[in-house]
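Each of the next two complexes has subunit A plus one more chain, namely subunit B in the first and subunit C in the second.
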Partner chain A sequence: MRLALKELRRRPGRFGVATVILTLIAILLMFLGGLLDGLTAGNTGAIRAQQADLIVFSATSQDSLVRSRIDPEQRRKVEQVDGVKTVGEIGSVQLGGRIEGRGLRDLVPVVLFGYQAASKGLPAPPTSLGEAWADDSLEAEGIEQGDMILVGPARSPVKVTGFVSDTRYAGQSTLWASLETWRKVQNENRPDARVAPGVSQALVVQAPAANQAGLATRIDEATGGNTSSLTEDEAINALPGVSSQQSVFNQIIGLTVLIAIIVVALFFALITVERIGLYGVLKALGAGSGTLFAGVLLQAVIVTLIASVIGALAALAFAAAIPAGSIPFIATGPRIAGSTFFLLLAAVIGCAFSLRRVLKVDPATAIGGGQ
Partner chain B sequence: MSEPSSTPALEMEAVRKVYEVADEEVVALDHADLSLGSDEILALVGPSGSGKTTLCSIAGGILSPTEGKVVVGGKDISGYSSKQLTEFRRDSVGFVFQTVNLIPFLTARENLLIVDEISSRDRKRASRRADQLLEELGLTDRADNLPSQLSGGQKQRVAIGRSLMNEPALVLFDEPTSALDTKLGDQMVKLIREEMKSRGTAAIIVTHDDRITSYADRTVHITDGRLEA
Partner chain C sequence: MFLALREMRRAKVRFALLISAIGLLVLLILAQQAIQTGLITSFIGAIERQSAPVLVYSVDGQRTLQGSIITPPLEKKIRSTEGIATSGRIGQGTFTVKVNDEPEDSDAAIIGYTDPAVGAPDQLTTGRLPNRPGESVGSDNDFKLGDRVRVLGPGGPDQATETIEIVGLADDAQLQVTPTLFVEWPDYVASVKSANPDAGGILPSAIGAAPVPGLDPETLAGRINDASDEADALTRQAAADETPGVAEVSQSFQVIFLLFGMVVPLVTGLFFLIITLQKSGSLTLLRAIGAKSSLLVRSLMVQVVLVIGGGLAVGIALYTPLSQAQLGDIKLSFDVGAVLLWSVLLLVLGLLSAVVAARRVLAIDPIEATTGEGGR
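Up next, the complex of A and B:
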């Protein structure tokens, strides 16, 4: 092992090409992961901000917020289900927002939510009609606290009282208002989809952990099968495009890891071939195959770790440098750690292709060609 | 000078090594009987392909015989497994290869210590032994040089030092003068004899250089895998 470390320190150029290639792969991996996380966050922030134990849609809505309608009677039934702690209503409408100083056709797509329950992700809704919290991605559009946004064809005025973070929905910025504000804006701008007082699109249910087992089923039974209760993860996966987006990205990420395995395998196979003479001598001197292979593995792991660190720093620097709301990119600890783990796994698997060659090295080759 | 041990350094009885090559049997070593005293220097002379490297490899625990008995320093290694032979080579045998084969990115001192690193033994003791050997071989001021910074003769001396690190019962020299000119070759052979005799260590020197035979206690010829007296 010490021999392997000495070789790395004294002959760094030997490993330069592999390090550069693996660094590029690490950067690619972390950027793909960061983009996936950014896009996912941009799609799912509004759902995650509820921090719901369950989200209840109408059964005929196919788990779509836009198609779902929950009336006061259904809400009452849900509240009475054993194990339910709190129930809050939520509704949404997707419209174009006009910002002062911009052209008539220069609209900012926004989703205006009406909600009841505060959570760690959202403060209590503004009490005044026509006021809303704005997702901080709207700051990139030049919106400031106190500004007025004219929403929809009816140009319903919504005043920005402050900002919240990580609440985007379906890739769009969001406004968070009271249920009354939401119904008013919905009815003014979507006369074909009016909502009556007391009607919402979904219910946000909180329940103590001990009561959560089977709660979704109990709620749907209590409403006579007229609701579809989903966990937060299920609601996220039901969002249009989220699953397919994750699937596509994960396939690309998987392919990138496979390329990393091939790079490590090829490089260290080449190095092993170059070192067959040296391995023959070391085996003649009494080094076991396990010791020699451990050295190869250690070098692969160290080279991969260096590449991962550079990739991580590049991802963090990029995340810090990009303007908010410009590119959907997030560099998170779990993603960086996960990418590093897969790269190290690739290094170990790639090295395994050299194991057989190391095992086959004949110490007799060190002596006169080994007749 | 160390007192010679009464245990022979090497005893080979009816040793045979046969290879299967394209469905034919090739006899590399045929019924070899050889005995070597604990501090005896033997010159093994023969043409290319005569089996001298095979004999050395068997004596050094690199190859196992097809038949026969091999005892080195009192250890019967005839039936050793691959793992046992690896440990045996680490602990009981020294090699000086024809092409020297120092590790190019290690200093002279570190090349001596490689044996200890492989076996993870007492590092301090190994360090003291390395320094002692370097001094005896006149290489103290070259201890921190890489092989690329050493002359051919200096590299050979480092290789000799490496072969003696584990205090072996037997050292095997494979054509030690083949890469050296006449003068250096003479110096090398003298050095080998001095080092082996001062330590009471037995040695087999594989060679086709007649100069070596005059420095050896005994010369054995090998032709087509058979030893001649």
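Up next, the complex of A and C:
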């Protein structure tokens, strides 16, 4: 072990190539993870902000908010289901927003939500028609409290009364208004998606923990199969592109870990080949195969840890440096810890390929017995 | 050559393993390339397939059919632009449908057009364009001729009012990776009303336009944009390329390809470096008995070419049947250009990666054969 550490201290250059490659891989891994977390947060913030126990869509909507329609009769049936504590309506419309002082073609894509119930993620909706809370990502677009945004081709005015955090949806900034404001904006701008008074797109259901078992089924039965009730996680996974985005990114991350395994395996195989003679001498002097392999493993772990620390610092620096709302990137502790764990695992697995070589070293080669 | 082949024959397992590893990497690269092409085609195929040389969105639409609404005043301005030979309405929506009374509901994008010359598919693989109400052309990997599609509304299948029959099929005609139908305008309007009985007047999502003879589509798009600040006119290809999401998908795959581009030469280079080190004693001996460095380096390079060539052959052989498959809603295809590009690229990168091993060979000092230390 001490020998391995001494070699690292005395000949750091020997490990330079592996450290550089692993550092690049660590940066790539943490950057990809951060990008995935940022994209997921930007797609799902509006649903997470509901803190809902269940979200109820119409049965034929394929759990898509824009295609879902819930009428007052269905809402009444849901409210009467045993175990339901509160029911709030929600609706959304995606439009272009015009901000004063910007070019005629320079629009900001926004999703205007109408909602009823306050949650941990959202204050109560503004009471005045045409007023809305804005997601704080709009601050990066120069929006301030009191500003007016003209949304959609009908230029419906929406006044920003304050800001909320982490409520983005479909990668776009959001505005949070009353249901009346949403219906007005929706009907003015999207006649094909017009909603009648009292109609919303989905219901946000809260229920005490003790009543949640089987609640989704009870709700769907109570509405005669006209609804599809999902947990918050299920509703997030039903969002277009979220699960495919996660699967593509996880595939890239998996591939990167595989590359790390190959790099460690090949690099330490190379180092082992170079040191075969030395290992012969050490074995002749009484060193066991286990000790020699532990030394190789320790070197791999240290090189990987150095690479991971540099990668983590780079990810944190990147997250701090990017302007809000520009690149969807988040550097979180769990993501950095997870990436480091996978890299260490890759180092251990990669090193294991050198074990056979170390075991095969014959001490007799040290005194010329192998020639 | 003789030396290279003789060594490969003697160490069959080692070289076969490397060839297999490179073959699998080649397969992964080509499969990812096919997925990327298939995904992008499924995302924007319908825009490339529709016949209008120029598509005009509203600026509010952010270059998507789903977000764009053409108001009557904007439509009037667009249609009166000088240089338009033909123009027509194009509408698009995504609906929940039931195909042939299958138990599961599914999604379908429905594209409606008023003039087949500017909105219908430009080519069909089979069948014909709709000429009666209730007929449509469907994307050919999702539908077959004679399929009946019911557009579902809030009341479910029992209250569905719009049924469409597939009378033609078009290749690469999906939108947003969703099975896609091209219908005449009245059927599009009926579909919207069926899905949302509260819908008001149905406005077009875009206007398809064709320029007069002698005017190119790009110039016409420019003229339309000059005519109105609310119009966002693009040529057909630009409309496809600039659809939000296309660039992001391409960038994600570029990262994967960059990783592969790194790993293949890395694996090849380190492999040959290791075996060069392992046989340095023999190489020193060969140098001592008169073998020239150039002969040994040539032998090394022949092995690199054979290993990468073998890997490419294995990878392409495995890719060929895979490229005929369908991945969910995404249709894959054999991409000759991608195969050629990656073959040349990997061969060049592989040869470059072997330079380190070649330098080791060149550094061998024959005199060390007398000391038994080789060329380390």
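Structural remarks
Rule of thumb we're sticking to: the second predicted complex is superposed on the first by the 368 of 371 C-alpha atoms of A that agree within 3 Å, B and C clash if a C-alpha of one lies under 4 Å from a C-alpha of the other, contacts with A are read in each partner's own complex, and residues count from 1 in each chain.
FYI, a residue touches a chain if its C-beta (ideal position, glycine included) is under 8 Å from a C-beta of that chain, and two chains touch if they have at least 3 such contacts.
Only a predicted model underlies this, so the values are computations on that prediction, with no experimental measurement involved.
With the two structures aligned on subunit A, subunit B fits next to subunit C without clashing.
Of the two partner chains, subunit C is the only one touched by A:R194; subunit B is not. Shared-chain residue A:L28: touches subunit C; no touch with subunit B.
Contacts of A:L95 after superposition: subunit C is touched, whereas subunit B is not reached. When the two structures are aligned on the shared chain, A:Q212 is found in touch with neither subunit B nor subunit C.
Residue by residue along subunit A, subunit B and subunit C are tallied for touches, and C comes out ahead. Judged by the touch definition given at the top, the superposed model places A:T332 against neither subunit B nor subunit C. By the touch criterion defined above, A:P363 reaches subunit B but does not reach subunit C. Put simply, subunit B and subunit C get as close as 12 Å, counting only Cα atoms, in the superposed view.
The residues of subunit A shared by its contacts with subunit B and with subunit C are 371.
Within the complex formed with subunit C, the subunit A residues making contact are 21, 28, 32, 58-62, 64, 67, 69, 71, 94-96, 104-105, 107, 109, 152-153, 187, 189-196, 199, 225-226, 240-241, 248-249, 251-252, 255-256, 259, 262-263, 266-267, 269-270, 273-274, 371. Of all the residues in subunit A, the ones that touch subunit B in their complex are 2-3, 6-7, 10-11, 277-278, 281-288, 291, 363-364, 366-371. On the side of subunit B, the complex with subunit A involves touching residues 28, 49, 51, 53-54, 56-57, 60, 62-63, 83, 86-91, 95, 97-98, 101, 103, 105-106, 110, 114-115, 117-119, 162, 166, 172, 174-175, 206. By the touch rule above, subunit C contacts subunit A in their complex via residues 28, 58-62, 67, 69, 71, 74, 93-96, 105-107, 152-156, 176, 192, 195-196, 198-203, 229-230, 232, 245, 252, 255-256, 259, 262-263, 266-267, 270-271, 273-274, 277-278, 372, 376.
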